[in-house]
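The two complexes that follow have chain A in common; it is paired with chain B in the first and with chain C in the second.
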Partner chain A sequence: MPSSRTLKPAPVSVGVSIPKLEAGEKVTGRARYVDDIAVPGVLHGRTVRSTVARGRIIRVELDPAFDWRGVVIADHKDIPGENVVALIADDQPLLAADEIRHAEEPILLVAHEDAERAEAARMAVRVEVEPLPAALTVEDALARTALVHGDDNVFKEITIERGDVERGLAESDLVVEGEYRTGWQEQLYIENNGMIAERDGDGLLVRGSLQCPYYVHKALMRIFALAPDRVRVIQTVTGGGFGGKEEYPSMIGGHAALLAWKSGRPVKIVYDRLEDIAATTKRHPSVTRMRVGVMKNGRLVAVDADILMDGGAYVTLSPVVLSRGAIHAAGAYRWRDARIHARAVATHTPPNGAFRGFGAPQTLFATECHLDRIAERLGMDPLALRLANAVRIGDVTPTGQVLKESVGAVDVLTRTAAMADWTRTRERLTRENAAAAAHETRRHRRRAAAPRPGSAPAPSARRLRRGIGLSLALHGAGFTGSGEVRLASRAAISLGADGRPVILTANTEIGQGTITAFSQLVGEALGVPPSFVIVHDPDTRAVPDSGPTVASRTVMVVGGLLEQCARAMRERLELFAETPIAGADEFRRVAKRFLRERGPLKIERQYEKPPGITWDDDTYRGDAYSVFSYAGCAVEVEVDLDTGETTVLNVATAHDIGRAIHPVLAAGQVEGGTVQALGWALLEDVRWKDGRVWNHQLTNYIIPTSADTPPIHVEFVDDPYTYGPRGAKGVGELPMDTPAPAVVAAIAHATGVRADEIPVTPERLLAALAAREKS
Partner chain B sequence: MRTALSTLAVARPRDLAEALVLMRDGAGRPIPIAGGTDLLVYLNAGTQKGDRFVDLRSLAELRGIRAGTDRFTVGALTTFSEIREHAALARRFPALAAAAAEVGGRQIQNRATVGGNIANASPAADSTPALLALDAIVHVRSSDGARVIALDRLFRGYRDLTMRPDELITAVELPFAPERSVQFFRKVGTRRAQSISKVVMAGVLRLGRDGRVDHVRIALGSVAPVTLRARAAEASLAGIAPSPVASYRARAALMDDIAPIDDIRSDREYRRAVSGNVLEQFLRSADPRFARG
Partner chain C sequence: MSRIAVTFTLNGARRRVRVAPMKRLLDVLREDCALTGTKEGCGEGECGACTVLIDGRAANSCLIPAVHADGATLVTVEGLARRGGALSALQQAFVTMGGAQCGICTPGILVSAQELLLRSRGRVPGDAEVREALAGNLCRCTGYQKIVDAVRAAAREAMPARARAARRAPKARATAKARRTAKRARRAR
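Take a look at the complex of A and B:
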């Protein structure tokens, strides 16, 4: 660790994997998560929820046999402002008033200073509901079996067009069609959702586990009809988010605040896992139909994609999830003609929301699976097909965006193929599968060797096949379209009284290493070691609105603003000191003198879009993102023909994220995202019963354990981006995009069965294997 | 924790005699706790009935693995870690050692007991198919005295035991499997660790000097309301020489033994297909001539 006493210039830290600054507190158990925070006089809040998918509330009854003393009760009538969780549309109530649109919809809140009494009180509330017919699937919703939203159950419809798709399909040698489905996925952060609210003078203080302090801030202002300066939101140490703490904290924060407002006592609401899985948002399930025209030589001509996403009962973030999904549906390929039609559909199910990748993994899954189907039809190697069509500098996307720089698609494919030894591995596995099949049919004719007593089953008794598959993806960094311009994020650096620089942003560390990466960028620009830099807690009273911690934007967008702030600050201090500053001691000395002689120093910068970027929200034309990151992924699997179980043996993945600020943390993002994607591809299956999540426990909602995690080989392709800090682009979501289609391709290679729906559960795969055997 | 823990009472008897008195006289129906790995899950979900518990963990009489000349006796409090790490036991009963190594994960194996796994009576228990295939005998005791029950007779119906509520399991007795027999264990779960079985099968098989099956045990879990012996499949194999036809017939007979359902973890069709496939795998592993052509 560089010492802050050194007089030498600070060592370079960007691009170096320094020890993670936020790790010490966590590994020593000193970090205090929301449930660890003891607040004197706190009440524990609980939520009474709907047990039916749709209905009308007739009556809420408090069990007269229950001792209600000391129980605070709040419902929609207690809301001082608007009964709404403000987001894109204001359609979602904080508490249902009379209409129920989905199971687990919150109706009433109770709180007590004894958590056990609070739980007992929750159980003592009876809600009488007149059930109404519900539309629980996208198919039902489109058939309008029941109305959830408007008169067609469509939250948002998007069409992206370039060229003439019908002509393109007609002129192609071959048109390949397919339909692909992806399921719900639970974010499954280790720390459940939780918030603490209390009255703060004539306002509110809300603290908790969250990604976006200013989202909660905005929602609370509306619920309580309070001016901005009377609402204060602070992020506490957060045990993971993955999008699951993007919009939901506004709901749970609003609930805690309502109870606190009414009782005048601090209130803590922390969900247990059962409630968290049952009630909070999930990844949108999707159905994508693809029609692709291709020439015999493998040149892709035209893509026609029709996308459906299930948004659940309220709008929440569905329009923007859909938008990102639609834009990514063409994959990292050049097309002459493209038509992408996408709809987010309303159903009577708990609202789906943000989840790492934000719609892109769903549509990229379809595109990548479809590419493999095309390769098979053409008799072409899947790598060769991708290499021939991958975007390069100068290519134009379906929204008309010209890719001007840092286009690593070909590089990541080539690196991935090299790491996996693609061609040879594929041939070898094909040979080995044929040999295994031959061996199995021959085996019974050979004389049996005398079995040894008590021997475990010989490995040869298993019928196993192996396969390898590959995929390519791009991922737009930052908000979609004009999102970043609208956000107009501000970030700042000030000087602390002790002469150290203090980073002021609303961006949250949720495990990914934000504090470390920000400190590296700022430290290097200021000429001080990263550990000398202080990162202020995300506290809306102290930090400017630098936008949410989502969309792979934190390092690229906010890190970029901070780098500008740091450069300006250094210039200011050096002008003041009339000498260059190097190292922490010198910085501190100059800073303290500046504070004494000139007063406080705070430098703030606001987002400005890079030059030459345009976007039109109405026509969906222009630069959807300032830049894209790229990833290639090769997955090797083993399938047990007797059980349909798929074991992932190996993953090789190359990423173009411009430049990695902290290579180990970046690789951590890739590894974690890969495992999450493997879970989505193979294991994670939200099961429903009458509109409610049935498997809302970790016992039965199956995510990969470390025993299910294969070796993951990660490489970064250096392709710096001019407008990212030190060349950085986004990395957070990209690794979620590639593994699932690669798994499907690998299973197809192993077994000949092409799964068009994930998760490829053993049940689905075994049924498909049996169906093929029959035909 | 959805159960109000402050309303629960736990008694800690010092010896078995005291525990048995508590089980007989305790207010309400006291519930024994061993490792607590099942009970705590129910308490967390708020689904555990009863509020009086008897903690068995300090009862020395329920501990220990004893090797005899023709059998092992395993105390009810023996954990799955102790089982999988006991070399002599694992040599004699590889199917049980394999089952122990696949219960939950290491942390669970350190606490979970064999007595708890039996008494919990889950149809998805992993050790009981192995114990059934090994002809295990369960020793139970109440203040009225001790008795033994063949494990096969213990499970009456879904989570319903032929034991009385005041009886404790003290030990499991495991007679040696016949010399030269082959043991088999296969768990098909939801993932590689911390997983509940969708189908679990254990088997013991021996070919006699005449090349015909002269000892066969097949037991399964997660395919019926209880873990059970597959008697029809066993009968179809008894006295038969290995062949693909014998394997096919055993598989067909097995379908009469099992009655799987659709549930939160899997479905009926899958469980039927996999049960048959795993049975074939067992037979192939015992003798390659069972393999399909």
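Take a look at the complex of A and C:
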């Protein structure tokens, strides 16, 4: 291959934070999100939903007093194909026919030209339901108070075993037990879900806010019994996803399309916040029981984990969420013996689904909290305990995966500890807390001796404690197990008529900077600046199926394919030109000549697993992921002992993501993920009443604001991965894994009380503090 | 339904619209004026995605009936660029520093930040001050760090060069020349 690099240096952009290419339209207000698109003649669709958790539909009645002119109505009988939202299992209907399995389940659709009339029509539909007893909690479901799924209410059960756990526990100096719980979490993208559907010749065109165009495509083919080329799905500019727009857009897209199919008019369904929170998917809540055997010197021996996740009423993605959760449950540590048993349970609640981290934050929360409990029992520093047991190259995970390269666990811990000045900060805060306690006791005695009636406590009388906590996590990049092999993603680059390279993938920009990172990777491999590269809209008519935009796979897996395409394209063009190409002008000249003389050029590559990777789905043995990313996180908090309020003062976090393609965007991912995790740990509490979310508003479902958010210090540990493009591994989900257990550890350091359940709301913490006082 | 005529100055131009009495300003901007840069995230005054400037003050346009804006001067995200369409220092800082991820909160955040910059002209607001000023604008993507950094960078940019030098001087290891410039700048103030 002719080497241009010796002649002219290739423009370097990978590893450099160029201005984000997709940002220009967003800071001017020009970017068109789904609700910004004007569609002539559009009808506004609304969804009639169940108000009960379980029941049988007796009758649907249209209020005779209502003026139904101009209202389009559709129910399950209007579905031309199958009444199913195709995903892993085919158990979820597009519209309930007679059985209702959860509150907010869609039953009927209405649409009208006027959005207010459409809403009024929705209210004028009366659904008579015979209510049936429901299993609303995991406990109920396991006790089979009512059957949701099969004869045991278990969607999926996984066991991972290595060594002999019982022997390991028996041989350990100490066995520590604990139980940890995590709550639901709403993705809370600021742009609510929305889709626009219209008839397109003899097929369908569906556009909207979504992460995975080919998921929607697949679902629509089944619902309408249409061939692949008659369904076209295009992603519009998307205002955040975090997993929340992974599977649910298939449902909304199906609804909008059904109304459009029936009426022959374009139909737009855009949820408002209430409907979005109440009806769409959330993070799976979890309960994890841990038993860990450890030697007195701090060497971890055996882990026995039992995991329960609440999947809700339909299978959706629960089996794979559970799978990722189970595989991550052993944390970033070396164990001789491990047994991980995990179940996803069905309840009569709205299905839970994908949310950044996909099961791993839940189980890592348990593991990391447990590590702190163990450190306390051993009288050991939590950092030292982690350092002693963190995985290194050559270590083996519970699935039998040998960690061969790019294992940054020790590095991220060391960096995090240095950034937080761990040892000194911890000692200082311990001293300050002791001093504060002593001061309060003295003041209390003085007051008791000479009470001043009616005097309010001075502001300085606030009883505050500070603490610092730390955590470590790993996160597998890409689909779990043989997922990537089965996906067999394809990505391509073609030459546009103007001689510029065009990236063709189904991967969506939802804020992470996909367009920028892809342009950098391709630009660098082609020897042109990133701004010269065009990224085609994710449009199923034009782009190959490069798989969903999930699982931290976009840069590592699809970016890797694109890099191969770009290299091959450059080689083709250089052979054709018989000269090396460097720079946009030269590229354009050669490309145009190629198009004239040879015709169109498109280079496509399909995923092939890196060498030496094996996985067995039946036994859960082998390489669960081609590689893991690692993160350490230290959090400093202040707790008000009287209000139970926790304020996060500082976060320091170091990440090993191989190599950062764009350090600023990568840091943005880390900061955003960190704050979502802080919300999960402290604020975000989904409240239920009779199987329905009652706090489905931004006034009562609280997420962090800028004023509650501390400065976040991010560093990257450079440890390139051979099979990632330019050494990159995944980054998107990893920052969700570490902050919550670090917060809990920091609260424990501040107060001496260990919260084993998140969110640690003031009420929960006050109850724990009161319980300690009593004992 | 009866309609009411409302007149306001929108991004520098006079506009007259006829609207239903209770129509929200947000909808009038998006539908009647076809300016879809202003977003709706909640419709109840919590998320700030709908923030616009009304007579220089940031307000949630989802809570305000358009009739209340009669006679007012309004600025939306579409009105933030410089004349001729070049990005303002604030917009540019968001692009280069990663202040916009999915971008749905960005219009509202830029407008709130613009109000802050107008208020603190000639001075770079501190980290906590920026966080306080933006506390009514939710962002789920960025974790706020890069937003705060971008706002402060834009404020720094907007300061006259001499004032900037004066501020920097005490911190930097000042050369004789820098110290002279700083002194001049202080005197000039």
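Throughout what follows, the second predicted complex is superposed on the first by the 749 of 775 C-alpha atoms of A that agree within 3 Å, B and C clash if a C-alpha of one lies under 4 Å from a C-alpha of the other, contacts with A are read in each partner's own complex, and residues count from 1 in each chain.
Criterion: contacts are C-beta pairs under 8 Å (C-beta built on N, C-alpha and C of every residue); 3 or more make two chains touch, one makes a residue touch a chain.
This one's a predicted model, so the numbers in the text were calculated from it and none came from an experiment.
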item	value
First, second, both or neither for A:Asp498, with chain B first and chain C second	neither
Which superposed partner A:Asn695 touches (first chain B, second chain C, both, neither)	first
First (chain B), second (chain C), both or neither touched by A:Glu166	neither
Partner chain in contact with A:Glu440 - chain B first, chain C second, else both or neither	first
Which of chain B and chain C A:Thr643 touches, first, second, both or neither	first
Contacts of A:Asp67 with chain B and chain C, given as first, second, both or neither	neither
Touching partner for A:Asn192 - first (chain B), second (chain C), both, neither	second
Touched partner set for A:Asp421, first chain B, second chain C, both or neither	neither
Partner chain(s) touched by A:Leu766 [first = chain B, second = chain C, both, neither]	first
Chain B/chain C common contact set on chain A	272, 697, 699, 705-707
Chain C to chain A touching residues, read off their complex	30, 34-44, 46-47, 49, 76-78, 80-81, 87, 91, 94-107, 110, 127, 130-132, 134-148
Footprint of chain C on chain A - complex, ascending	17, 19-20, 22-33, 35-36, 38, 187-192, 237-242, 272-273, 510-513, 664-665, 667-668, 670-676, 697-699, 703, 705-707, 709, 711-712
Chain B residues touching chain A - in the complex, by the definition given at the top	1-2, 4-7, 41, 44-46, 91-94, 98, 105, 177, 179-186, 188, 190-196, 198-199, 207, 242-244, 264-267, 269-270, 273-274, 277-278, 280-282, 284-293
Contacting residues of chain A [partner chain B, same complex]	116, 119-120, 272, 274, 440-441, 443-446, 448-449, 451-458, 461-463, 641-645, 647, 683, 687, 694-695, 697, 699-700, 702, 704-708, 762-763, 766-767, 770
